[in-house]
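Contents: one structure, followed by commentary.
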Amino acid sequence: MLEVRELSKAFGGLKAVDQASLDVRAGEIVGLIGPNGAGKTTLFATIAGFHKPDAGRISLQGHDITGMAPHRICAAGMVRTFQITQPFARISVRENIMVGAYFRTADRHEAASLAEAVANQVGMGDQLDRPGSDLTVAGRKRLELARALATRPALLLLDEVMAGLNPTEIAEIVQVIREVRRAGVTILLIEHVMQAVTSLAERVYVLNQGRMIAEGTPAAIAENPEVVEAYLGHGAARVLRA
Amino acid sequence: MLDPQIIIAGVLNGLLAGGIYVLVAVGLTLIYGVLHIINFAHGSLLMLAMYAVFFLWRLAGLDPYVSLPLVTAGAFAVGFVLYRLVIGRFSHGKDENILLITLGVSIVADNLALLFFGGDTQTIDVPYAGDIIQVGAAFLPLPKVISCGAALLICLVLGLFMTRTDTGKAIRAVARERQGARLVGIDVEHVFAVSYGIGIACLGAAACLLMPTFYVTPQSGYAFVLVAFTIVVLGGMGSFLGAAVGGFLIGITESLGGLFLGEQLGQIGISLIFILILLLKPTGLFGSRA
Amino acid sequence: MRHLALAAALLAAVVYPLLVPNYLATVGMLMFFTAFIGQSWNISGGFAGQTSFGHAAFFGVGAYTSTILQVTYGWNPWLAWPAAMAMGGLVGAGIAVLSFRAGLRGSYFALITLAFAEVFRIAANSASITRGGLGMLIKADQRPINFQFKDQIWIYYLAFALCLVSLLIAWWLTRSRFGARLVAIRENEDAARALGIDVFTEKVKVLALSGAMCAAGGTFYAQKYLYIDPNIAFGIDKSVEMLLVTMVGGAGTIFGPLIGSIALTTINELTRAAASVFPALKNVQPLSLIVYGAMLVLIVARLPDGFASLLGRRRHA
């Protein structure tokens, strides 16, 4: 579904992403992990059209989307969320999600009912009338997810939707993400919370210093010595196995 | 075609005016560089300082050059207090909010001037107003030469202050790395207030240097604010070198614009430069803002 | 209940000029007119969050376009009106394309609009087509076909109608996809882009709409006073007035500009009345702007939704 080939992006002299490639097949949940500053978010932003790549190619469902603007990529069926949540603070949750829903319809009532449906899907049906600024961290993460879902994407790019959540909230959102996939949306997620990645993703890519250093099942990745060394540093391999 | 002599005279006059512009722009760029505030009240505060100079002359008979230390110190105090009471307290969040707040301050200042001083144009008659010195074939008004020299001297002193004194070093530290400065124990809010005060003090000095050859009305602020912004944007927001080079360039542009296009149309050059810089090279000549 | 209040307000506005002396009818006209141009600012500055310091550019382009077409080319002013709006829209779109293509945001956009207005002002001061600083006079010929009225009550009703139309546009923005997108852009441009909004195009569209509305106000002004000059048309005072009434009344709300305009007009008239009673106060007219400047500071700092937010339910889009 998504093919990224040898994508590079530099800022100034710094190569944030260096010839990274990855594939996501329809119906999968794929994880992207890597130490801080590995270039995960830059890779995401470049795939989603927020940065123009210096080199490489991105195609979505067979169409070349390299260098396209975000709104056209959204039209092609791929949408991203933000690691640092970006709610529209002064409007309600319903109106927040409607902004996404309006991508598929110009009709106000249709957009509203779509927004409600999506809100129920992510478990915020009871918060529709609260202003975006009023939400807890978990609420904001869900809102990010809901707004993106309301555009009816085929592929969802989730940037650390679990960071900052407590274990109960993580368990809940993992459930929500599984439901979303069951509803037919393919998911690529950046994650720091290892446990969540291992329980959610079928395959994991590892990015380090802008380069893709490994790919495989979570279990295989955990065994990969290069990953353990590059990403996790000393002793952390045990954490992954746990 | 104009006589090259006239053009040279125009350039020289532009450079003289530019010297004072440099001082005004240095104040603005200092405030931006340290506080990241676009001080839209800059022109209006200059206007108020010019009225202060005017009234010191009218009521106390003080020559503008004599009142310079007084007005500069007063302007510092006004800036410091204004920062503590209004700007610093209210200016957070989106940058256009800060712009709106300083716009509000300038509206208040302009209309206070109109209320108390009336709309008339005020000038100061100094005995040396008509004195001329000859440089080659060009005749330059003595007060402009003095003012330009004094403005540059003040900039130099400010430069020394910024590099040699503890306060100056603290200001530069805050400008470069706010969080870091806070961590090493610098009272950042105090530095902000002092920086804003110094920025306004530059206006106090500039007002004294302007008044021997210039006039003041409640609208003077608006005339200066665009010039000051153009200089700072041309030089690069936050850059002192940029403010200096930009000040002279704009002085010359204004002078030659007036020469070739007439007093009215000549002013268009400044706004056009402002627009073109923002559209084509928003970092200006020496700026680093991405 | 709300409908009843609206109906009562409408009725009051309609009968008002019939009951009060001419002078007060003119005050009412100015109030609606200011609310109208304030609403044009509100649409781009309030709903879409693109703060402008130079809306006078659109106002002046409207005033000059219709006046030049009428005076120099003999157009009927009613026909020149849509042409003026089209020019205002074009200038709005043009400034937006240049500024947003260059990536200007926030303060920088505000300042560049100010510079554009200034360029127009200086150009109008020097060009022969605008008769330079002398300004342009429209020949008095008080027939409705000439967009001039013997009875000033019609000017009042026209201003009222303009204000109503602008309120309807604002109301539509609170209920339409376009409006929702503008608010999304105001609240967070990156998130808006991620959700498939073509931010650049939407911003150009809203500036075109706002510019066209503001230009319509310019033509109205020229027809009311039959005279314009570069400082009236393009001066910063007009830009500030539009911004002030909207910010004080409530940016991004339907009734903000109207509330701000009512308040500003009232303060203005009170100070003027005070001045006529106490000659010592003859200079107090700046007082209303002093109050307004201070209110702008307080509102931006403490009450970002303006006074409209104090009137019960938030009317936010």
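Think of it as A, B and C in the order they're written, each chain with its own count starting at 1.
By definition in this document, a contact is a pair of C-beta atoms (placed from the backbone, for glycine too) under 8 Å apart; a residue touches a chain by one contact, two chains touch by 3 or more.
In this text, all values refer to a predicted model and were calculated from it rather than measured experimentally.
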item	value
Neighbouring chains shared between subunit A and subunit C, ordered by label	none
Most widely separated chain from subunit A, with each centre as the mean of CA atoms	B
Centre distance in Å when subunit A and subunit C are each reduced to the mean of their C-alpha atoms	43
CA centroid of subunit A to CA centroid of subunit B, Å	49
Separation of mean Cα positions, subunit C and subunit B [Å, integer]	32
Sites on subunit B touched by subunit C in the complex	38, 86, 89-90, 94-101, 103-108, 110-112, 114-115, 118, 222, 226, 229-230, 261-262, 264-265, 267-268, 271-272, 274-275, 278-280, 282
Residues on subunit A engaged by subunit C in the complex (per definition of touch)	48, 50, 69-71, 74-75, 79-82, 86-91, 95, 98-100, 102-103, 106, 108, 111, 132, 147-148, 150-151
Residue ranges of subunit C in contact with subunit B within the complex	51, 53, 98-99, 102-104, 106-108, 110-112, 114-116, 118-119, 122-123, 125-126, 132-133, 236, 240, 243-244, 247, 283-284, 286-287, 289-290, 292-297, 300-302, 304
Subunit C to subunit A touching residues, read off their complex	175-177, 180-181, 183-184, 187-188, 190-199, 305, 316-317
